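Here the structure is laid out as structure tokens; the discussion comes afterwards.
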Amino acid sequence: MPVSRNLLIGLVAVIAIVVIAALLLTMRPIGPAGEETVKIGLIAPLTGSLAEHGLDMKQAAILAVEEINSKGGILGKKIELVIEDTACKADLATAAVQKMITQDNVYAVVGEYCSTVTLAVQPALMESKKLLLVPVSVATKITEQGYKYTARSCANQWMQTTQHADFIAEHLKPRTAAMLGVNDDYGREGLKIWGDRVKEKGVRIVAEEYFDPGTTDFTPQLSKIKAADPDIIFVVANIRDAANILKQAHEIGLYKQFSMLGGVTSEEFLQLAGDDALGLVHVSYFEPTSKRPVAQEFVQKFVQKWNRMPAMYSAGVWDAFMTLKYAVESAGTWDVDKVADAIRKVRFEGAQGTIYYNEKGQAQTKVLLVQVQKVDGKLRRVILYPESDKEGVYIPPERLWGS
Amino acid sequence: MLGITGDLALRIAKYYALAFILLLPLPLAGDYVTHLAIMIMLYSITAASLDILVGYTGRLSLGHAAFYAIGAYTSTLLSMNLGVSPWVGILAGGMLASLFGLVLGIPSLKLRGPYLAISTLGFGVIVQLMLINLDWLTRGPLGIPGIPPLPGGPLDLRSKFSFYYVALMLTSVAVYTLHMISRSRIGKVLMSIREDEDAALSVGVNVPLFKVLAFIISTFFAGLSGGLYAHYIRYISPAMSALSESISILSMTIIGGFGTLTGPLMGAAMLTILQELLRPYLEYRYLIYGALIVIVMKFFPSGIYGFVQFLSRKVRG
Amino acid sequence: MILEAQGVIKRFGGLVAVDDVSFGVREREVFGIIGPNGAGKTTLFNVITGFYKPEKGRIIFQGVDITGKKPNEIARIGLTRTWQIVKPFLGMKVLDNVLVPIYVKRGILRGISEREAIERAEEILEFVGLSHRRDFLAETLPQGERKRLEIARALATEPKLLMLDEPAGGLTPTEMDEVMEVVRKVRESGVTVIVIEHNMRVVTGICERIMVLNFGKKIAEGTPEDVARNEEVIKAYLGERFHVGG
Amino acid sequence: MLEVRNVSAAYGTALVLKNINIRVGSNEIVSLIGANGAGKTTTLRVISGMLKPIGGEVMLEGRNIAGMEPFQIASLGLVHVPEGRGLFPEMTVMENLEMGAYLRKDKDGIRRDLEFVYSLFPVLKEREKQLAGTLSGGEQQMLAIAKGLMGAPKLLLLDEPSLGLSPVMVDRIFDAISQINRERGVPILIAEQNAYMALSASHRAYVIENGSTVMEGIGKELLGNDHVRRAYLGI
Amino acid sequence: MQPTLFIEQTILGLMMGGIYAAVGVGLTMIFGVMRLSNFAHGEFYMLGAFLTYALVMALGGDPYLLAPLSAIAVGLVGIALNKLVFLSLYKELREAKGAAAFFFQDLRFIMLTIGLSILLVDLALVVWGPIPIAIPSVFTSHIVRLPGGLSFSLARIMAFIVATISLIVLYTFLKITKTGKAIRATSQNPSAAALVGINTYRIYDVTMFISTSLAALSGSILGPIYNVYPTMGLDVVAKAFVVVITGGMGNLMGSILAGFLIGLAESWGGLFFGTEYRQVVAFLIMILVLWFRPRGILGGRS
């Protein structure tokens, strides 16, 4: 067979594939009277190594939408949730967002977990004038680029880390510190901000170690840290790694005060880490034990629906949806420019506390510092700071461990 | 030139022109389809470039995404730090990628089969770690947002609509060039190496030289498409060089049908679209995706291309 | 002398595959190398064409010492070999099989126009009688045609000395005759030929001089008639007591 | 014992065997002679199942074994010592011999056979613990045959037992082959290029040319046959 | 540098090495016998850990006691997959001709196992969910203290011991049993193995069983230490390949040696170059070894 005919067949096949797919993909599902609903997208890593956090986000989003709709929607319109998986990959995420923009014609997108993915989808959303409500990604840059349609409902890296560093320096008064972080954007930015901040306050950094995502054994790093003998060890990691780090540190006899960023706030973390978590100080922006009625209500509904305690990320997602609700209602219109302005003016009680935004669209939420202590024989997080939420006092870990 | 008669070049160009014209109205299907089409085209260049290495020269690479990332970073950094035009940047990205291709190609000359595959895998991981750790240059793991779009004169290449046509043109030219290379004297010499290295040596082929040349050509185009990607998405991060990316590029090449050059185009289209079609199934979709890969590879050793040929033979009787 | 081997030794572990072999090949002759299986003939080929490095000895081709040169360099200066188990480029067209060496010889980038190259390739295919297979994939050829393709591909390098490793092995008598005819024509065109062959009919039919190897050692050299009468050769090659029975 | 009827075989598209017909009676040594590439090795490969024939029948003790897997054929008592000797280079001589007896369960029988092969090739006993890959060519050939014998063959196929061996060694190998046949009553089919050795050691022989059996006869008679000398040896 | 740190790192490196070796050995065996580069190897490790968890939930008891059960179960899954997916391909491979055909066959195997890996990871995600699971064991919380401030958890020591014992058992199995010898024979010369009556397809099944159950055993003993989650296999498979390649594909002893070498190199490399380059160290060691010995330390099959 002449080769050029092969080529022809090949190219025809490619075109056929693309055209058929285009037809398939542009076919819109005929929903019940499209006028009545507004679509909101959620992008989250539902597969891949970060799927556990995607689950936190997905469950909160479903709950929030049910809550809003059960109370008659927003300005009389019901919300329809469109969920897409990104696996924390930029190319999958951009395609997902593009689909949301063009096919689903979403009004706003809530997401993502990974800052790298949020940054990747941001330009497309901004250019097509869709709101991007960031509930979890903490990279400071996301709200620093001056995008009008971006708002973040959780404390960013800078807020979390500086307040954490200040608390540590002022209350724990270490002379030396070691830092251990995941070798990605989260860990790098965290260590940089924290290290600079505590250095200003006279703390000497005696070790700075990194581990690659997917690492399961941290003993090489921990053993170096142990040799450096710091007063406090600052760690930036997600729950899986953090639990392993604590376990392995104690295993090699590294009993020091650990302190971490907000990646570890969930019930599953306490289950994974067990007693090794005792004494740990870390940042949180939401505690399910909070006495505030809104938080109580959120926790109660979440547990009722999903049979597990909400993680910190779930609260971020919930508040993102609530931000939208209050902003649209206060603007009195769905006009995106007006709603974007309204977001910067609303003030409401969310799961995390009183939520209001600055000009850049960054929520000025409270950052809590908690310590894992034993209350009635059970591990729980006790809020140490700020004064308004304080539940207990800092206990040096030596005293918690007994010996 | 290079053993391609004007006649052949013209005949193949005609098919590409036809495909080009047929694909012109696609953006009418909306931005989503346009975006996917653009991604398919970028992947097509990369997968086809990998085919030069895998399908034509018989050298397996599990680190091809590294060159894609090198192209993207080069072009981005040049245009953002030195104000170089992105068009020049993309070209420079291709060139730097092929320089790295040379760097990887020479030491891996002695290696075969899985030894080569895992070494290239290692190369990909090392590039990723360098992109993360050399943060003074690459701005570290958070990646680089705010990359300038391609300057298009009167056209605003931020819009998917106009970028589509630029991409279509560039992809046609790039894939056509790759096609010509595969049909050229170089392509035939590379194939002779794939078929039998000793026999190629015995008729005077400088096997090491051409193996390295295959790396250079292949990585040049991967770098180009990486640069295009950077100025299209306007955000890049070290994750571009991840093993999973290399594997998805390799999947396109192999499942599409390696050693055919048209196969990888089909692979890029099929796998990208499949990912989209399976979207509604959220967590469940990789069950189907993985199963389909297993089925295609078990029953169609020469990939989708082989399957299409099989079908067309059936149709013609 | 177009080719001279001087005291070539090649060892594999404890085995001496080629043991101090010296010989010379004259311009424009057909030189046969025979010997039982495992006598070291193919190893000697591999040493001459650069695939193995000899432990000792020198190979002189056209007055130039080519010992230790790379196989492709040796092929480029006009010394080309074929393979006992033929190695056609199976997944390529017959024409392309022959074009590759032409490109390599005449220059990939410049040197020969495509038209010329194809004409030349077609000439060679015509020469070995494979014109009718021009556009077939090599993997579709039967054994006899593969053998001739192998020769065609070697001829395309424009060799001054062609080394054929069992060109007639495994062929039918008709195919064998065709191959012998090709070898004769090659020689007439001015190319020197070295042949490894088992089949005595082929050897006596085309060779002017023969060298006999046994256990890596040269045991005889001369015209086919001389060699066939040589007691040691008969012993080594045909079985020790054969002449007694005959 | 063995009857090969009209067997044809091909490698891919290349037809290498055309209507081969061979018979081996019980207790016989039969040899296949012919030039390199004539199809001797392929014939043996087809018989032992390493290559599936495209036509014809291979009857072993009245049962058609064509198309069966090699290990199934081996379990019927057909042992093939292949081209390249079929040794396991990174295993010791002893282990190779054990592998030869892989299918056997009779420990006593195995021990007796081990003694027999050691008496046949005493050098193997000396090298018992040495890796097979480190043996000399002649020793490897002995090991290959010994390994074949350990399988208590009902029929033994030997491919080029003289390959690469010195004349002294060739003599010893062929003496051993005769001895095996005499003392054990094992029928043996040899593919051999060394015409004299093959013909003088065997009872009957077939001449194979271009994938077909062209002549058959008593070994010693063929030895004197001028036609064989001319046709096969070409002189 | 403090000597304690060095000693501690060395011991930790050796322990990691034992585990690398255990995971790598299965991978290298499959390649040695079937010429199969199994990119889904890590998923059997993952399945082992999850099954152990499921068994602990269902039957109660300590994961270290149930690990063998889970290993056997995963081994059976391995056999099933072998029969279902790969068997017909081995037969095709036997008839493949020419270097290019072999290469293409390799590609096909690689792609098949990649597809399998994607499938199995998602299967675990769907069945067990994405949240990491801790498997409680009495051994994890028990810490053994050594003089000089060194201490290790009993679980880790157990893991090292189990890994070492299983390697010794495997080695002995291959050295002295009939089946073990048949596996080695098949790996060294498949056609000769068939000629002595070895059912090579059954040997493939057995090898698959050993390889997958060894991976599952490693997963089961490490699960309680590192927790269990669907992508845990992906985290080990690249490292396992590095180990296997460094040791020489198909060479058992090579993999064991390389496992320890890479384990040590990572520990020491992290010490000298900074831990952010830890992964680079492993790859550099591999590249360095391949530079001088293109087929690994002890030389593997091509």
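Which chain is which? They are A, B, C, D and E, in the order written, and residues in each are numbered from 1.
To be clear about the criterion, a residue touches a chain if its C-beta (ideal position, glycine included) is under 8 Å from a C-beta of that chain, and two chains touch if they have at least 3 such contacts.
Quick caveat, the model's predicted, so the values are computed rather than measured.
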| item | value |
| --- | --- |
| Chain labels contacting chain B and also chain D | C, E |
| Chain located farthest away, centre of chain D as origin (C-alpha) | A |
| C-E compared against B-E, more contacting pairs | B-E |
| Averaged-CA centre spacing for the pair chain E and chain D, given as whole angstrom | 41 |
| Chain C-chain D separation of Cα centroids, rounded to whole Å | 31 |
| Rounded Å distance between chain A and chain E, as computed from the means of their C-alpha atoms | 34 |
| Multi-partner residues of chain A (at least 2 other chains) | 46-47, 51, 183, 212 |
| Contacts with 2+ other chains: residues of chain D | 12 |
| For chain E, residues that touch 2 or more chains besides their own | 97-98, 100, 122, 125, 276, 279 |
| Every chain pair meeting the contact rule | A-B, A-E, B-C, B-E, C-D, C-E, D-E |
| Complex contacts: residues of chain E adjacent to chain D | 97, 178, 181-182, 184-185, 188-189, 191-201 |
| Interface residues, chain B side, partner chain E - complex | 54, 58, 60, 107, 110-115, 117-119, 121-123, 125-126, 129, 132-133, 194-197, 243, 247, 250-251, 254-255, 258-259, 283-287, 289-294, 297-298, 301 |
| Partner chain E, residues of chain A touching it in the complex | 46-49, 51-52, 54-55, 183, 209-212, 214-217, 219-221, 223-224, 226-227, 239-240, 243-244, 247, 250-253, 268, 271-272, 274-275 |
| Complex contact set, residues of chain E against chain B | 31, 37, 85, 88-89, 92, 98-100, 103-108, 110-112, 114-123, 125-126, 238, 241-242, 245, 249, 276-277, 279-280, 283-284, 286-287, 290-291, 294-296, 302 |
| Residues on chain E engaged by chain C in the complex (per definition of touch) | 97-98, 100-101 |
